[in-house]
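Chain nomenclature is as follows: A, B, C, D, E and F, assigned in order of appearance, with residue numbering initiated at 1 for each chain independently.
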Amino acid sequence: MININSAIFDQEGSIFMGTQRVCEKCDIGIVGVPYDGTTSFRPGARFGPTSIKEVSNGIESYCPQLKIDINELNIIDLGLLNITFGAPEPVIKKVKEAVSILLKNEIKPLILGGEHSITIGSIKAIAEKYKDLILIQLDAHADLRESWLGSKFSHACTIKRCLELMPSKKVFQVGIRSGTCEEYKEIYKNKRLINETSNSIAENLDNSLKSFIGKPIYLTLDLDWFDPSVLPGTGTPEPGGYLWRDFSAIVEILCKHNIVGVDIVELCPQLDPSGMSSILAAKATRSLLILLAIAKAKYK
Amino acid sequence: MININSAIFDQEGSIFMGTQRVCEKCDIGIVGVPYDGTTSFRPGARFGPTSIKEVSNGIESYCPQLKIDINELNIIDLGLLNITFGAPEPVIKKVKEAVSILLKNEIKPLILGGEHSITIGSIKAIAEKYKDLILIQLDAHADLRESWLGSKFSHACTIKRCLELMPSKKVFQVGIRSGTCEEYKEIYKNKRLINETSNSIAENLDNSLKSFIGKPIYLTLDLDWFDPSVLPGTGTPEPGGYLWRDFSAIVEILCKHNIVGVDIVELCPQLDPSGMSSILAAKATRSLLILLAIAKAKYK
Amino acid sequence: MININSAIFDQEGSIFMGTQRVCEKCDIGIVGVPYDGTTSFRPGARFGPTSIKEVSNGIESYCPQLKIDINELNIIDLGLLNITFGAPEPVIKKVKEAVSILLKNEIKPLILGGEHSITIGSIKAIAEKYKDLILIQLDAHADLRESWLGSKFSHACTIKRCLELMPSKKVFQVGIRSGTCEEYKEIYKNKRLINETSNSIAENLDNSLKSFIGKPIYLTLDLDWFDPSVLPGTGTPEPGGYLWRDFSAIVEILCKHNIVGVDIVELCPQLDPSGMSSILAAKATRSLLILLAIAKAKYK
Amino acid sequence: MININSAIFDQEGSIFMGTQRVCEKCDIGIVGVPYDGTTSFRPGARFGPTSIKEVSNGIESYCPQLKIDINELNIIDLGLLNITFGAPEPVIKKVKEAVSILLKNEIKPLILGGEHSITIGSIKAIAEKYKDLILIQLDAHADLRESWLGSKFSHACTIKRCLELMPSKKVFQVGIRSGTCEEYKEIYKNKRLINETSNSIAENLDNSLKSFIGKPIYLTLDLDWFDPSVLPGTGTPEPGGYLWRDFSAIVEILCKHNIVGVDIVELCPQLDPSGMSSILAAKATRSLLILLAIAKAKYK
Amino acid sequence: MININSAIFDQEGSIFMGTQRVCEKCDIGIVGVPYDGTTSFRPGARFGPTSIKEVSNGIESYCPQLKIDINELNIIDLGLLNITFGAPEPVIKKVKEAVSILLKNEIKPLILGGEHSITIGSIKAIAEKYKDLILIQLDAHADLRESWLGSKFSHACTIKRCLELMPSKKVFQVGIRSGTCEEYKEIYKNKRLINETSNSIAENLDNSLKSFIGKPIYLTLDLDWFDPSVLPGTGTPEPGGYLWRDFSAIVEILCKHNIVGVDIVELCPQLDPSGMSSILAAKATRSLLILLAIAKAKYK
Amino acid sequence: MININSAIFDQEGSIFMGTQRVCEKCDIGIVGVPYDGTTSFRPGARFGPTSIKEVSNGIESYCPQLKIDINELNIIDLGLLNITFGAPEPVIKKVKEAVSILLKNEIKPLILGGEHSITIGSIKAIAEKYKDLILIQLDAHADLRESWLGSKFSHACTIKRCLELMPSKKVFQVGIRSGTCEEYKEIYKNKRLINETSNSIAENLDNSLKSFIGKPIYLTLDLDWFDPSVLPGTGTPEPGGYLWRDFSAIVEILCKHNIVGVDIVELCPQLDPSGMSSILAAKATRSLLILLAIAKAKYK
């Protein structure tokens, strides 16, 4: 019986549909990180994890694309990380601690943010274990600033910081459509951009990943990657984004790969009174939980 | 002069643009059913009929696709059905009664919901008259549960119940993208699913309907068939849906067919402060009123 | 040092990102017109200019499509026009006055509405200077009514009035999808409609504009041209509209042409609590400011 | 059978609870005026009349204070005045016309605004009939400006204009708590202010009205007289206002007087998502309809 | 160790601050009933219990009025009752069952609604145990209809039904300010109304209760008893209500009495975006939990 | 000509009505501090300063209570402090710096928050200058925690920290109605609470301040001191608060005293869609600006 009862988790409150607080066997663990302290424009990502869990009961546990029901999987929902408000550094440290606990228990992490800076903590733990880790970033923004509004750990610096932690320096930046001139120069120079060209974005990603079958991959999904029309509830929506069918095609591609960790960040539920943003985030969470389970079955 | 003044109708309140409370001649009748009693997740479909009528004055009466103006048609707006709150059975019975009154007067019904369970009442009346009735369901959800939260007449059981009432057992489930594993098995076994494959969804529907030219067809449009981005105002939005151009293409196809009745359900206007959901529903209503008129002119 | 300090401008309040109140050199001027007096359905376009400016700080100043940073351009933000509420005629007169001041200073105008009727004032000033002016209208509605709700200067009559002011009578109506039967007859008779056919709408516009390279072009962007899913915050949203990628393709086309003035109208920010409508409008403003700068460099 | 079917009324849409579109006998008539064209700060008073009628069905028809049921009275609901948007002058003219029609039919008017400027039209008609008319203004603002934002008929000038139309020049300004220094000077000079001093505001009004028993009184209720806590849904809320019990006490006082006309203005329902503002306005309408009926029974 | 694990409770989700899911010793039990099936005007009371629990963490556990901290008490939070949507009868039956389980375990019930009809179930169980039960109703509405919209168990009939279940027929209706003429006649005839007269409403209640010291009292708090200004989030707000200081004074009075059960109903959190309605309800819940504890200590 | 152009101020954006960016002579300076980093429950106080300034144009510049027009005073609006997001310490330091600059220029500070922790910075600067400084706190919460959620500079610790900075240790806590048992013990022990007893709260404050005429007084107004009914837009609303007339009476009292600095904190405008919270805050700001001017004229 697995019951991770560390004091760093607050285990009251909702759980994601089809998962449990205490598991007999456990392949995947969900951790919520209700932090949005460096968000300068519109705060509220702190409400993301709870909102995703609450609305998850409004969607089916069965995924018709992947033909698997969440109820068949072994998933523990660890609740919310107990964090202090204010500066990002202690939060990033706690995320690292939480992910390390999971990894020690052979549990694959799925982190629900919270703002994007929390990815740094997750990568810190994961990159320690997997030296050849590859990062896939689905995002509207490059997040390659050296520092932002006086902080090196702002959500606008996430990928810059992650790259410093990854020995492989290998990141695919999928669907980026906003950045400074400098950020674009860095992306182009390093050939990191996965974009729609003559092919769909999923095909382009597929081609880029071909030589990395079996390598450990971490997926960070900044929800503003989606078009604001399908996900208005995010702090810095950027027109010209992607739709569910694009995400769905990417999920299809990733089925072949060894996904070792996932985070889903930047949902601001209070900006979307219709609730469709949280529902899309919950449906994406359902797909990614199944992806993690498929990868665990295949590669471990 | 046609003036259906049955006590089952509450004839105060708004009317749909271009229609009348009392008609000299009458081909089509609009009935609102403000019921959402079995809705478990987010109620409010009760406000659908009035919202559609109110915003209808914000769109043109002329349809550039079908090149007909609503003002040229003979449409009576019968107001709202007087219903009791609580259990669905008495409401379904009243819907049946209302549709029967219309059919006796040679008036084609267009029902504005309210939740999906009200379709059962409409099909009850229509299937009595047309033994070879075919049902077309535009919906995100399969709605094939035997029962749901203790009720056999929940909105999650609508198509299951309708099939029991239709001698033909013929239903086309267009665009379903959510269901349990069991529901999907039933759909696939009976080859009911109309989906996007290599063709567009409208072409696939066209092919499926080819052998049914002239047969009586009932169309039930659960508005969550549309993508949440174009229709956020519905109780259980499901990402990955359809756009106006898909609906428009289906309308093009249905012009050739004998549409004998229509319902438009599951609009929750209060979930969409922009009002665009109600406006889309009103524009769809405009198209379907014209479809009913075209069919009446052609097949009667 | 350019400092247009006419009493017709209220120069308190926000400015568009990357622009200035006082410039050393000046190519483009931004004028806000907070007027929505003839709006019959849902008012609020008066809040458009301020909302666009406020959210503009949430997007980057660098445009990855056109590869130019707003900060490199010489743009003056003249604030809001001081207008009286009520009848449209005095407002239209003031817009004309403001645009004339800009033209006299060799500054290209970008007007932020407010409702569509303000375009009449802008065209009045521009068509006086450019006798062969061509008008490109991106809009959902034909706006060709002779009068509406008792006013000849309603926002539903804008293009009708503009045509009377333009010696060339040349207008391209791009993406119109709503109108009366009479309005459609006028559009078809004069072959003004640019639509999606076998080509994309941008390609069709490109073909139509081929013989007009170098001619002065005024672009009026009624934001309801966009699909309500990407821009819900507008007074009369019309389903079946265009997406950011369509706009982006049109911007690509217009780079070759001599754009001499632009307006962006009908944003109602309070109808969209997510704020994505204002953000899209700000991003479109960024593109069009760069277009004006490119045209000025090329043709002047 | 009374059926006022003038083209100036739009008689579709909701009616106030307990009233009728067509009456056998008629003492009181309700006219809605959906105009807010001079509102500079936050528009939306145009939605007031319909909102009051819609929510009226959520309150009882029986008034426990006055012990009368609305259903016992003879009240016609004439719908909404057909107005043009833009300048106030034509709207004020139409209100005058509508009130004159009512007076000719011996029907007492209750006008539902819309912004405060519409009172001018009502007073124009009433003061023609009653030369010794007394005006009672319940309002937060003095409304005594000579002109505002370029218009003499702005809602900020209402009482100034009304005084010019009334031979008696007699107005009681009840509860005013905002104005310019000049407005306050005029109020104090003319001893018009009814305020809370050692007595309650109702007692003070009672004392002031003592010598006017039987005289024709017109009551204009600008809903921002109420404290924003009980009526947040108004364009220019002003802290420090009055509660329902104060209104109730004033109703008690006015029972003795000859109320010949009433208007209720400046409700902006869209600013109050709870709907309590519209409900309070509907309850106040219920009281004032009964007051008009009591006065008609007593003085006519 | 007390752990009431009946299948009628859904024990996932939030708990009220300072309480527990499993208790060593237990004096008071909280049961949520998310039902609003007979609500005709504006649904949403189903979201009441969860909202109260969620916001309870935003207030202190210490009550400065009663000088007790919730953390010192023995309170079990039993979660939400598993109910079916639709008709009220099965829900009322389940509430009765739940309250009976508590009473058998010597636990005092505090029920969080949901709509007012659920009180009937609670009274059914309580009145079986306490034959001389007295009911105190804090409410804006009389709730004495024999039936409403076709149902005898509508929330508008609650007190009528409760009286049939109580041998004592003793009810104090505190602060009622809305009803039909018939309802008022019944109230006056039976001298049930506690109102503000020369005394405050709390003093009047105190006087009325003087001869009932020690008798078992059930308190039903329909939150629309409060003025809409302090509690806008309720389905049928009624102007002219009571403030926190009035409630606080009543709590002071009730300290002397033997409160054996409590319910708090008709919170519609989604109607109040500020959240203050849920917070007031949570603070009232805190007071009433302490009242139940005081009574248990004193009378048992 | 006074023009404080320090880089710590961001001087774009709105200014408070009746004030200026650059002054010839200057008695009072307004500084906005858009910080809410330690807010654990509901963020958004960062939007407070801008919201107050924006709505200030909707109220009159003339104060009828104090009979002074803001336009007659010499007030500079310094814009917003440039702050970093995240930890509170650097923000508090910047506030201290800003207030010190003002004091050096003989300008009295009025700070617009932002969350309550910013008061610490203000007091730091003021208490350095005025050793006998007295603090008046209008607040719902005691704010006397030693630390909160891991921070000693949380908004829940403000007064604790301020007391450490003030040699006099003299604070009057006016209207506190929420705290832990420990906080209440400290308050009672030190006789700091000003409450409603037999007198009004203003009379009680008057009595307490009698022996401090002429002493330097700093007023910190946490807007949750007001009842949630009049100010719903705050992070932690607490029922049972004060109304505008109570504030108005306190202003009356403070006219006699030597107010040397003021802050107004904890407005969360996005929680109140009606805008009345921001309007009340702006009206309170108007009163307090005048108070500062009166004190400067009298005591300097």
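The rule we apply is simple: contacts are C-beta pairs under 8 Å (C-beta built on N, C-alpha and C of every residue); 3 or more make two chains touch, one makes a residue touch a chain.
Remember, predicted model here, so these are calculated numbers, not experimental data.
Novice: Among the chains, which one keeps its Cα centre farthest from the Cα centre of chain D?
Specialist: Relative to chain D, the chain whose C-alpha centre sits farthest away is A.
Novice: Quick one: which of D-E, C-F or A-F reuses the B-E interface, over half of the residue-numbered contact pairs in common?
Specialist: Equivalent contacts to B-E are found in A-F.
Novice: So how far apart, in whole Å, are chain B and chain F when each is placed at the average of its C-alpha atoms?
Specialist: That pair's centroid distance is 57 Å.
Novice: So how far apart, in whole Å, are chain B and chain D when each is placed at the average of its C-alpha atoms?
Specialist: The mean C-alpha positions of chain B and chain D differ by 43 Å.
Novice: Between chain A and chain B, tell me the centre distance in angstrom, where each centre is the average of that chain's C-alpha atoms.
Specialist: 39
Novice: Could you say which residues in chain D touch two or more other chains, in rising order?
Specialist: 227, 229-230, 273
Novice: On the basis of the stated criterion, which chains touch which? Give every pair.
Specialist: In this structure, the chains touch in these pairs: A-B, A-C, A-E, A-F, B-C, B-D, B-E, C-D, C-F, D-E, D-F, E-F.
Novice: Which positions of chain B touch chain A when the two form their complex?
Specialist: 41-42, 177-181, 184, 227-230, 232-233, 236-240, 271-273
Novice: Sort out for me which residues of chain A touch chain B in the complex.
Specialist: By the definition above, chain A touches chain B via 57-60, 62, 64, 67, 69, 227, 229-230, 243-245, 248, 273-276, 279-280, 283.
Novice: For the complex, give me every residue of chain E touching chain A.
Specialist: Within the complex, chain E contacts chain A at residues 12-15.
Novice: Flag every residue of chain A that touches chain F in the complex, lowest number first.
Specialist: 36-40, 43-44, 46, 84-88, 90, 149-151, 154
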